[in-house]
């Protein structure tokens, strides 16, 4: 009998969409204003879902303080008030679309979470554009 | 390895719930104030979820500009500021409950989306009443 | 020493913007898709602000149950799931723009509220378009 | 062909996290400020999802008035403006974590819903901490 | 030329509305379910508005880190996860209605803010009930 | 008898807080992580309030399509998906704090609005930090 618990966190970052294998014209055509060489930015909203059994002693699936600390260490301290393309190792070679950011966040948290938990990531780039990844 | 992308759009429309096979008393009994013959209306909020592989060249599952354009053509240009019962072909014979509207939206978008994508529709009639349909 | 208290209520209604003194072409030009003769609709969100002294016995400016009952009687029972142009007396001759609806709501509540209170109305037609009226 | 319908309700309650088998020091260590013996409280937000076939006569999966009445009887009338630990039978022996509350709500509603419906519960304790349970 | 800056914070607390000068019947009549002797609770949302001149060196009216620290010290560390009636000195003799809480918060922050700033407090008890106080 | 009308718009931009008259240590001390030389970014939310008389012919204070077009020309087309420090003329010499951005937006719109209207700007940098300016 499994329950999902969700924790919402935020980070504010600059980014730019760009494929270095394409010339400028193709980058402008495909990515439009998201390709601006001087960057733009977002208030990203991250929802981390952890699914598992309720521990009968605590009544918790996972202690939210523990989960929140983990997200802070792995994600928000590393991404908040940063330029994703320039300041964050994992996006120096990987285009920081919402899809790619969600996959990277999932991988970083998956490495830290006990295997008995299932993990899903939802990432809002704006209120109208968001993505979800659960590892398969 | 599949990622879901979501796009939120809005349309404002009038509608009325009514079953023409029932008499007025039964319509009033079942549909209550939603049966008002002069119509009432809503700010509908539509969330379209498309699930697929990330294209390694773009980092996109689907270009949001393309998805948004498709929703505009198929749904919002046709439903926004309309009377669903009187102005929209598909609800002249079909009761425009949130459930039925969601199914029709799913069908219209399914016809336009490449078969490699999975599709799910969430439709908010109000902040407190909403529905979801994914085709099965 | 005055405090403002706010109560949020909702009503869902159909309406149409139209000036009967103009011909169809001018109505279409000025009101655009809001002029659709078959109506469209909205989830209206109403915020009523009442400003006054705190009653030292209750700690209330006004009992929220009383304020909510008043809004219900004067506004939501009369407007909810209605066609404003056809079903609501005050908009049979008055164009139901958000501005005009807010003024009418203010007048109806002003008549019912003790003179010691100040009154302000905020009305959301959509999340992006809203109006405010405080009687002057 | 199944559609999900969702109904959002609210209740405001006090609670305290506590395991009577532990001493005070361990309770304070594990539950932190949520262990305050004088209680604290939340505006709980409850989303009930019911999944089933659309009834072709009504266009409804389930009449929202019926679903809302059921939630009111089973949950909100019993939990709203209550102390969950002291006033609500089911939490006198069960720690009222969001996880446990969601499971209990699911069980109470499951007993009342026709077996042809699937049921899922989402419960927000705060905007940033929430849980989901669907019975397995 | 003055600009207002706003900072939103949150605290979760239990409370009970009660006038010790009244008997139980009158308390129940006036305060209804808010009079529950076992308390209930809320996720309070606090918006602090500070109005003043922009400092030309920083471009700030007031450093948000400073304002946030002040709110934390004076309000959220003292109210969060507390029972307002039992745990918070200022409500042991004062009925913790939203109105009274807002006035007390205003007074505590006014004492700490430089006189050149104007101060206004908005406090949400629920999404539908909120209050505002600016000292006059 | 004046009514306020409000229009909400959005723009996503990168920025950096920096005073060129200070050395790096002082900039880091005062602006903290907002001083990151590689920029960070936000989803800015802009609410423009225009206050005036209702035109008896239209029932409008100002046509929302006109107001929205004006905001688009003056603000969102110029700021959206831009680096405010590098790409927007008015912030090349002016630190793009929320306060300064709001004042500049007010000035740009004031120049375009008829003198009979009053104007107020609210700008959200994040959900928790926002500012307001009305010209005095």
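As written, the chain order gives the labels A, B, C, D, E and F, with residue 1 at the start of each chain.
In this section, contacts are C-beta pairs under 8 Å (C-beta built on N, C-alpha and C of every residue); 3 or more make two chains touch, one makes a residue touch a chain.
In this text, all values refer to a predicted model and were calculated from it rather than measured experimentally.
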Outermost chain relative to chain E, judged by CA means, is B
Distance from the CA centroid of chain D to that of chain E, rounded to the nearest Å?
28
Express in whole angstrom the distance between the two chain centres, defined as the mean CA positions of chain B and chain E.
42
If you average the CA atoms of chain C and of chain D, how many Å lie between those two points?
34
So which stretches of chain E touch two or more other chains?
127
Looking at the whole structure, which two-chain pairs count as touching?
A-B, A-D, A-F, B-C, B-D, C-E, C-F, D-E, E-F
In the complex, go through chain F and note every residue touching chain E.
17, 19, 21, 30-32, 94-100, 102-103, 127-133, 135-136
Which bits of chain C are touching chain E when the two form their complex?
1-9, 49, 54, 57-61, 63-65
Would you tell me which residues of chain F are touching chain A in their complex?
10, 12-15, 33-34, 36, 38-43, 80-83, 86-87, 126-127
